[in-house]
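First the structure, then my questions, so here it is.
Naming follows writing order (A, B, C and D), and every chain is counted from residue 1.
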């Protein structure tokens, strides 16, 4: 019983982590049909920026809880900056090109940014554990959990809800859905697809950066953290259905909880869980569990 | 007359020149050449797919599969290059044939990504397998060539000739194949599958054939690479970044001509080698930067520099870019 | 008069919508049949079902005594039913010549033959004869995407006719063509097809065209065939007058038919 | 220098493109210098933990060698390697074995490297060994851990050396320490990254424990997180729920630090006795966050374990390193420095035997084979695998926070002699462990 609850909690925490690192990818893919490999770099930049800001913040005398603001500030700074620079400065010149070319461009951009990261922050790791220390720990079924990780669940829920409401309840969201369903027609309907794309990309970038920014306090922010995330988020998105936010949620939960179960029951297969699920889903439902409706054109 | 074949002539000349040069070129040049031939072969497979309007982000799957198949045979005592390469190629081909039944139903980005997903599964399996050295991989002993067991520099020299001969055959083969009805259907499928169906042929069958073929050459490239380097490991043979490199090379080369893929691969190797040598800290920056530059300023790849056979693929295949998976 | 195509109680539902119901048609050799009806009447749906693009919900389709229900388009094409499209389906970035080379190669080769060179002089000669027959020779080396609408329609039909089908179904061959050009276009097509004695069914909104070229009319209304009779008789049929022609005459005066049937935009 | 002429001719082919990339070719090799390639992790996760400290350690020594400012026992033999200045080619080790093999060939055949001192990852070393032998290139591995190099890949090496003990020694030393200090431990489990290094480390420790403390049960649920996963919530829960009080871990770098943050936030280190094989790489950086009371190893007498070793060489090294990089040297720094010293020692010794003339490659190899030279903190005995595999003493201790000094220190340190933790010459490590570690001199 205790183990079951623990598995559930661990699973939820990891699922939230997976969701946070993959939602940005899925948003951008859903609207723009771009698999944004640069996503990994957003994550890394988010983490570094947040570590830096948090460090700076706690050198001041300001109230301790303000440290959390630093996290979101970091995400927004990175997301907005790179979002706009990349979309306006690079991608928009490629929209008329073959989509694979665009993916490769984001791959190239990822390589570049990996080294830019090194140029800015060097190879030494950065720590920002204050926020985690601040929230302390809590006991669930006689097992200690750190509150910070638990708040990750809350954040994931908020982000998911926010996106859902944003998409279904706001004018902007409806525009997005229109564009998702059919780019040409929405253009014809006078929707300014250019703006929609820029905004989407920025939002996606902020999401990616937020993933890294929020995780930063729990890890050692060091070179190479972006690479892992690409594959992880990619797997989640493939499992859930490319471009579907419910899909990302389900994919994250599926992977997160099965992984937690594996860790507690058969740790030796942990590494394989995510690939196994991916293989299974691909074999049964290659378009993913929640493939969004596609306008079939001939 | 546009059907007189300059390409075969060109390839044959290049083949003879390289064959001759093999005995004179510096070892490191030969080594880079060897890798370029191996990677170029994979890019050749991607070129065939690309002409059909499909791009795979997962051909490290077949590259790695071929490499590991060949390498594992050396563990159980087979060392003849002919056998190893044949086995590696075949293994990858069979895998491609099986996965083909699933993948041929997909187009555009879905096709590209499902390939990537499968390649990551292979990666996971390898890392999980301690018997295969997990992430360390394992080293591949020097092959023999029908009983002839070269030593020292002769190993690379022989391997180079060996590779050269086979890549020449494969490449000319591909070129001629692309001129057949089946090969030509690449264009038809990319341009308009509906019309192909209503002309009485299955677009999926066309794609499947090309997919198997691309798997074969990727496996061939992998097996060659395993022998050339004398080492296999998942990170440099089955990881998604490797697949990225192959697409990189294809874009670098452009899909104008089968020969271009090898030039593209060579340029790629040189960029990487020199970036590594002169900017050990920022070689990724240079690699990524040059890729961006080519995407932006040489949309049709290096081949367009030769001013022939311009076919702006981008505009065309973006026409079916929003197409959903068929099922 | 031997029947080549027999359609029995054909029905097609899209969810709740009934796109076709109780379709019963017998098509005889060498007939020229006009299919008329308002937009959404089920004309294209009918063509799509016969040529295998849509799977009928129920019913039976027999071609040359063989049941072809649910067969894929390629098989039906190979059996001898070919079609053209409202929106021409050509290889846009290729020249007219290459389009037809490909069409000929695909319909001529099979099995190992597929591995013989696509280009050979005999085939090129056949292509050029075909081009001449459809009077598009002057566009031989033009890229299809640059062709005027009328010529692209011709090319589309020419490609469909390459396989010398027993039955050729034309989906609005004259839609999007100016009233003046229509007749020349139809003359070319009909002349070309008459040589092969091809059985032709074509969807048409323009009653003048219908009157001039067809021997028999199938009038669709709300997914049903409300009239199947020789042309003269059909044009007097009250249902046809009320539900089809009344509206059709307007349409030809103003904009020309540019479909949008439930059959999926082709 | 024949290869150079060849290379020169052949580079013409490349020059065009190179120039296009704004680069210039040409091999910079002043006649009177020795080109030493130093591959180490400059990018990626390996950089902060091992790569960069290793580079720094090598740089300090190389500079001192060229200036001739090394203290005893290297103060007599003059500047450079046998009088020739070292021209160091430091480059990135990341990218996997295949890429490194390619790069190795480039460095040898294109840039005319004279010797290699480097490689950190076992994977790269394993990949390089056969090539180094094929190309007859003197290659000194200062760090990588896997015993496979001389036990499986090349049992009779000629050109490849490793100047520190291999992973088997770590496992044995750790197990011996546990036996001595936690005699009545109720059981042990582990958390190791699911890749070659993690798998080897656990296997050796587990085998050694089974020999030394056969009655102590091992968990059937040892944790195998994916390398670089960085998220250990579930693993930490599982460890805290497990009944075994002792936890073995070979985590390193970012993964280790993330594990420590997430673990200490949940009181893991109060609940369990941790044993870290290579945590010394992080202790200085983590400062107070480092888990006091944990058992630590540094794969030998390196890093924090050398803090109080009072030899001129060690004092000098710590001071110069500290002044230059404003952090104390860690394991990697010591190990890389040791590798470079091996070259210094070998060249000078060979030159002496050669009547002062600059020695040939074979003479250098002969000089190093089976020799014993002074490492930074302890003597290094090249007396395994035909004199190509080193054995050094090993040290394990408990990490504490020193309030006065305001820094981490090692307490309850135990030293183990080379012949106590390393398998005897010619014996396969795993079999040695399984066979009850016969011939171990403790």
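Simple rule for what comes next: a contact is a pair of C-beta atoms (placed from the backbone, for glycine too) under 8 Å apart; a residue touches a chain by one contact, two chains touch by 3 or more.
Because the structure is predicted, anything quoted here is derived from the model rather than measured.
Asker: Point out which chain occupies the most central position, where each centre is the mean of Cα atoms.
Answerer: If we average C-alpha coordinates per chain, B lands closest to the whole-structure average.
Asker: Name the chain whose C-alpha centroid is most distant from the C-alpha centroid of subunit B.
Answerer: The chain farthest from subunit B, judged by C-alpha centres, is C.
Asker: Once you find the CA centre of subunit C and the CA centre of subunit D, what distance in Å lies between them?
Answerer: Distance between chain centres: 76 Å.
Asker: Between subunit A and subunit D, tell me the centre distance in angstrom, where each centre is the average of that chain's C-alpha atoms.
Answerer: Distance between chain centres: 36 Å.
Asker: Express in whole angstrom the distance between the two chain centres, defined as the mean CA positions of subunit B and subunit C.
Answerer: Going by mean C-alpha positions, subunit B sits 43 Å from subunit C.
Asker: Which residues does subunit B have that touch at least 2 chains other than itself?
Answerer: Subunit B, residues with two or more chain partners: 127-128, 194, 281, 284.
Asker: Could you list which residues of subunit D touch at least two other chains?
Answerer: 42-43, 194
Asker: Spell out, as numbers or ranges, the residues of subunit C touching 2 or more other chains.
Answerer: In subunit C, residues 89, 266 touch at least two other chains, as defined above.
Asker: What residues of subunit A sit close enough to touch subunit B in their complex?
Answerer: On the subunit A side, the touching residues are 33, 35, 37, 90, 93-94, 96-101, 103-105, 107-112, 114-116, 118-119, 182-183, 230-231, 234-235, 238, 242, 271-272, 274-275, 278-279, 282-283, 286-287, 291, 294-298.
Asker: Touching subunit A in the complex: which residues of subunit B?
Answerer: It is residues 55, 57, 102, 105-106, 108-110, 112-114, 116-118, 120-121, 123-125, 127-128, 193-194, 240, 244, 247-248, 251, 281-282, 284-285, 287-289, 291-292, 295-296, 299, 313-315, 317-318, 320-325, 327 of subunit B that touch subunit A.
Asker: Looking at the complex, which residues from subunit B come into contact with subunit D?
Answerer: Against subunit D, subunit B makes touches at 24-29, 31-32, 35, 127-128, 130, 133-139, 141-142, 152, 155, 225, 229-237, 239, 267, 270-271, 273-278, 280-281, 283-284, 286, 290.
Asker: Inside the complex, what are the residues of subunit A that reach subunit D?
Answerer: It comes out as residues 2-3, 6-7, 9-11, 13-14, 17, 114-115, 118, 123-125, 127, 129, 132-133, 137, 143-146, 148-149, 215, 217-220, 222-225, 227-228, 259-260, 263-264, 267-268, 270-271.
Asker: Could you please specify the touching residues of subunit D with respect to subunit A in the complex?
Answerer: Listed in rising order, the residues are 42-45, 47-48, 51-52, 194, 221-226, 228-231, 233-235, 237-238, 240-241, 253-254, 256-258, 261-262, 265-267, 285-286, 289.
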